[in-house]
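Below you'll find the structure I mean.
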Amino acid sequence: MLSSTLILGLVLGGSYALVAVGMTLQYGIARIMNLAYGEFIILAAFATYLLFGSLGISPIVALLIIPVIAFGLGVALFQVMMRPLVTRAGGSGRLEVDSILATFGLLFVLQGVMLLAFGGNYTSYGFLDQGVNVLGTTLAANRLLAFALSIGLAGGLFALLQFSRWGLALRAVALAPGSAALVGLNMRRIAALGFGLGTALAAAGGVTVSMFQTFSAHDGVLFTMKALVIVIMGGVGNVLGALVSGLLLGLMETAVARWVDPGLTLAATYILFLAVLLWRPEGLFGKAAGR
Amino acid sequence: MLEIQNLTIRYGRHLAVDNVSMHVAKGETVALLGANGAGKSSVLNAIGGRVRPASGLISLDGRDLAALPDHRIVEEGVALVPEGRGVFGPLSVEENLRLGAMPRRARTGAAEAMDEIYALFPRLAERRRQAVRTMSGGEQQMVAIGRALMSRPDYLLLDEPSLGLAPIVTEELFAALHRIRSRGLAILLIEQNVRLGLGMAERAYLMTSGRITGEDSSARIATDPRLAETFLGRTGTA
Amino acid sequence: MSILDISGVTKRFGGLAAVSDLSFSVKHGEIVALLGPNGSGKTTMINMISGALVPSNGQIRFQGDDIAGRAPDRIARAGIARTFQLVRILPSLSLIENVVVPAAFGRRRLWGDEALRHAASCLDRVGLKARCDLRAADLTYIDQKRLELARALSAEPQLLLLDEWLAGLNPAELQEGIALIRSLTHDGISILMVEHIMEAVRALCPRTVVMAAGRKIADGPTADVLSQPEVIAAYLGEAAHA
Amino acid sequence: MIGFTRRAAMGLLGGVAISALSLGPGMAQAPEPVRIGYVASKSGPAAAGAGITTIPNYELWAKDVNAAGGLKLPDGSQRPVELISYDDRSSAEDAVRAVERLASQDKVDFILPPWGTGFNLAIAPLMDRLGYPHLAVTSMTDKAPDFAKRWKKSFWMLGGGHDYAGALAQTVAKAQAEGKVNGKVAVISVADGFGIDLISAARPIFKEQGLELVYDQSYPMGTTDFAAIIEEVKSSGADSFVAFSYPPETFALAKQARTVAFNPKIFFTGVGTPFPNYPGIVEGRQEGVMSVGGVDGNSEKIAAYFKRHAEVVGTPPDSWASAITYASLEMLAQAVSRVGLDREAVAGELASGSFDTVIGEVKLEDNQLRQLWLVGQWQGDKFVGVAPADRTGAMAPVIPKPAW
Amino acid sequence: MRQLLPFYALLGLAGLAPLWLGDYGAGLLLGMTSAAILATAWAMFSGPTRYVSLATVAFYGIGAYVVAALAESQPWPVVLLAAAGCGGLVALVVGLSTLRLAGIYFVIFSFGLAELIRQLLTWYEVNVTGTLGRYIFTEFQPRDLLWQLLVLLAVTLTLSVWIHRSRLGLALRVIGDDETVAAHAGINLARSKLTLFVISSVLISLTGAIQSPRWVYIEPSIVFNPTVSFTAVIMALLGGANRIWGPILGAVPLYLAFEFLSAHFPDHFSILLGLLFILVVFALPNGVLAALERLRLRKGAGV
């Protein structure tokens, strides 16, 4: 019982974590709180569905294509829409409100476009729906694959951030934007890259999630909210925090569904979230308050 | 030559730097002395591109620095160690140094440069993997200076390197700065510890209320009554 | 009798002690300078007195009560007012509104005409009465400093904390500022001021406390203190010993 | 006929212009269209349901009617149908206001209902007050008899939780009597109107039928992961599994049940099961899956309707409320052809008349449609009705369900 | 309060509107009034303190649910009092625990709060009452609700003006400008914010309560629709959250724009709405009122 709950929880948490990491990158590096984040996930899910359904391209291959396109889209979006806001805010707290409002508008635009293009239907496709036995617990192959991909991607991202020159620059900007110019880093370019990378991760999340989950044009908000909860819980802009709280949330939901009442899983999510914030107002891994 | 002509800096309505002109020749070490709030840091920050001057010229060997975006300054060979150091606290010593080598001019030979810095500051070599924010103020200052050196600058701008450091650490730091100077690098230094600053610099400027109030060789400035006046006020005024 | 008694106060940020084991006191009606080189912990000390920071250790007694760790609004209502190192006005409010604030929330809780009259008299004191309907954001730097002082006065404090209030003024303005502060002492307000402009310190403060690296290194008559070797060393560096 | 003359006068100004626009130059002399308004959720969370069941049928019907020359009137003349639609953005307040707008601004002849129980209830008093017949098709509620009494011109066509739960219980009980299942049932339900209505109705009825609820849990809307629940159901000893679920969970349950080879003898899931994309989601392994609704698998009319729907809309309809929605529109058309455009008379005709529709001959009882398919099952590529078993066209249920 | 007299007259006039505007006009006015109250009440707290709250719908929904629970058994004034009381109580508890959060943390927290209340209520209904939807059958016609909402709007505006002139209003403006200065001037930050949060929440709860009879049937997904929170924010920001008339000036045109778009472009509503938001952020960064003032200033300067 315990081990299966643990495994199921981790698998669920893995997909949460992947989805949240991209959002935390966008906020950490580009300083944009992107409320349209979930729309990119759904967009990628639809794209995967189209590629798989009409061209027979495996979602695994799609995982190589779609995030790359999303990266370009993210960079372009940042340059066109976000950058004027960043410039206008000039480092003040105003960017927070502006970005929330602008991306909220973007959310509607993208959702409207998807409704026109794909309709409001629930979409799902069958891919690797076989069971795989893991330590006595049967898991869907597609979920397991998604979990592996999530962990792989998150691990890859972590390695990229940790060991590459590029990742070092991204981290530096996220941690101390004021000092970036001292070492010749172009904040604006890196912010655009960070936003693009976040979008690419959203897309990767969309591809993997679509392998096992039903989605519709309206579901973006659900992903955005879950990602927001995870991001805030982990400490805004903190990749490790997003990973840990994603997994934590998955475990929590599975445990509550099993031992308390499945009707309280979402309530438990928010209780956990509110409790974490009351205990640590800056999130689990956020910069310590005070000083 | 790093040249500043008629530099004026305003913050809103506050005039922080008023028509300041000064210069630092290649290989020269110059100290900029003055009481708190005299506008010294503003001058350094303007050279480093962190502050936009209201008017005036900042040029390096004839190239206009004030026209460049802040991240381009370091490519021109001017590295700033600001007050408060501007280190990347959560990152390790080594990562901070690697970031110093981000500018294109510094990418080749970064490994050797890092070895040199570890030789200069052996304490850092012992703690390459440690997060900078967990280190003492002196060590952080070493990281900041080391990082600036990683960009192979021709001009090093130091803003109060001894601020908040214990005397023994300050000594160690200045010993290293003396070695750095001997490599032919030009240094523009703001230092609250006047004797230390003058001990290192060949020449010094005095600054009061946004204006340059004196300029001379270090030896002469050290005995100039204007120096004490700059810090402790005119004795006897009541 | 002392109005302010600081004993054994320490403030640590992480592992670093910004202020350690500091003790001194300010008597009723006294004007004391708190000096020290950059980073020696003066502003931290002021912040602990005004309640912006909570001391890690030690006692801060104001008129006999230990106020260490109290919320700033309670400390303000108890009779301590302050200005800030980087001038902090309320930009969206008019001058008179800026000054009404401490009167409205202070001990006397003035409101309406009474509060306006009181605020106007405070503005008058710093020479801003004529412009009382202007928006604070539109003031020049020196006038913003004046406004900040008027606001502090409006609280009718027993103790006034001035954190580099004179910094950034030109020579003429400086003389004005000094005169203004001096006039306050005639009202019996006790003042603790952090200041870098020695001219002003010498002119205003009979007594000076000097801090270096978070500790008190001197406390006594200003002229004596400023000629102590430790103090000169603190400002001009240890090399002065040699 | 008073309404008609008033409208005709109004139509001189607005209607003619609009009809000229909408019908094009070639039909300048065509008769004034009958204006029919509807409000439905085109955006927001309710848009998925409206987009599958409600809106396509409205459009298909309008197209069919106009292709046939228009709506027939008692005098034999024909008038085209013009649809005016608003988006309620999944908000009850907006649905109410849209109906007010349709009635007082657009002055439409008829108003078609929005999708969903909540929205239909929100507009019901208003429709009643404004005098519009209210064909509340997609409202599943046990209170339908009360509502029909409260709002005389309202018609309730999807039954209530008791109907569906009862039929399901009977189906399971019959299988138990035949020794096909062990009578232990595991039920999960979505914590939303649909799930709650059904589970509260099902509990006593299942007991009455001698069935044992060995597992009974609700889960919140938006749950995506049922692995933990399925594990528990597996170990509960039940060989019948019932989920009163919404489409996303219905699909997730099917996929996850396949994954872990969860093969109860009865596998019953809720809304979404009769959707045309269900077979695709389970990669053709839908055989034997049960749900609410169904269609008469032998009816040629239904087959033709499915074909036309697929051609016009692009996908086949769902096999629960779609056909009923279309049928309600046919009823409206037939009522108009008998009594004209007077709304009072149309309401009376709807209540008392008998209509020939894609779901067969329909006659409402106390303003409610009672000839419903309550339990259906995927048999081959059709989702057919299996209960009530005594209804004409009912198929015998396939129990046990073949393994996935 | 004299400045409000023309406004009261206008509201009185609006109250007569159902007599000649018909159902749709009355409905439109009703929705618009509700939007204006929500935006004004939101701005009452969030404007001066700059806490972007997404908990509007939590209180709105609480109001509606109190009506659903009590409308059959209690006289209407008691129902309204209970709604106000419940909303105020929840606001008090929430405020006490959360007002120390800052920036984006508060934003998401307040959103989470609304979702949590919705989930807990759902769980309660499912497990305790065994039915999710509730019916609200009252004798009220739309115009009755409109009248009540108009009165509430008048109350809201009056409160807003009164607070603006009171010590509390000054405290909040100071807090909005600089919390440190506020505290050092003797302002009790927590108490000032809390008081206002409770007042604003009570008004929002009342709006939900008065409007709910219009829906006849309510369930958590209907009354806790997060769009309500977001539109309140957008409307207030569009008009200018720091001015008394700002939120109304945002609510009215935006409400009409929503109506126009959904009536004329039902299939493209989302897209157009989104573009409108983006446009607002770019073109009217400080709200309509600020833009108008700037325009007037420029004109004035030109003359």
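As written, the chain order gives the labels A, B, C, D and E, with residue 1 at the start of each chain.
Criterion: a residue touches a chain if its C-beta (ideal position, glycine included) is under 8 Å from a C-beta of that chain, and two chains touch if they have at least 3 such contacts.
Small disclaimer: the values here were computed from a predicted structure and weren't measured.
J.: Of all the other chains, whose mean CA position lies farthest from chain A?
T.: Ranked by distance of C-alpha centres from chain A, the top chain is C.
J.: Work out the mean Cα position per chain and let me know which chain is farthest from chain E.
T.: Centre of mass proxy via C-alpha means gives B as farthest from chain E.
J.: In terms of C-beta pairs in contact, which of A-E and B-C ranks higher?
T.: A-E
J.: Taking each chain's centre as the mean position of its Cα atoms, how many Å separate chain B from chain C?
T.: Between these chains, centre-to-centre, one finds 31 Å.
J.: I'd like to verify one number: the distance from the centre of chain A to the centre of chain B, where each centre is the average of its C-alpha atoms, in whole angstrom.
T.: 42
J.: Could you please state the distance in Å, as a whole number, between where the Cα atoms of chain D are centred and where those of chain E are centred?
T.: 36
J.: Using the touch rule from the top of the page, what residues of chain B touch 2 or more other chains?
T.: Answer for chain B, listing residues that touch two or more other chains: there are none.
J.: Please output the residue numbers of chain E that touch at least 2 other chains, ranges allowed.
T.: 119, 122-123, 126-127, 267, 269-270
J.: Tell me, which residues of chain D touch at least two other chains?
T.: In chain D, residues 42-45, 191, 218, 220 touch at least two other chains, as defined above.
J.: Mind listing each pair of touching chains for me?
T.: A-B, A-D, A-E, B-C, C-E, D-E
J.: In their complex, what parts of chain E are in touch with chain C?
T.: Listed in rising order, the residues of chain E that touch chain C are 167, 170-171, 173-174, 176-178, 180-189, 242.
J.: Any idea which chain D residues touch chain E in the complex?
T.: So the residues of chain D touching chain E come out as 42-45, 85-94, 96-98, 100-101, 103-105, 117-118, 121-122, 124-126, 130, 191-193, 195-197, 200, 218, 220-221.
J.: Please name which positions on chain E make contact with chain D in the complex.
T.: These residues of chain E touch chain D: 22-28, 31, 34, 119, 122-123, 125-127, 130-133, 135, 142, 211, 214-219, 221-222, 225, 227, 259, 262-263, 266-267, 269-270.
J.: Any idea which chain A residues touch chain B in the complex?
T.: These residues of chain A touch chain B: 165, 168-169, 171-172, 175-176, 178-187.
J.: For chain B, which residues count as touching chain C in their complex?
T.: Against chain C, chain B makes touches at 12-16, 35-37, 137, 160, 163-164, 166-167, 170, 192-197, 199, 209, 228, 231-235, 237-238.
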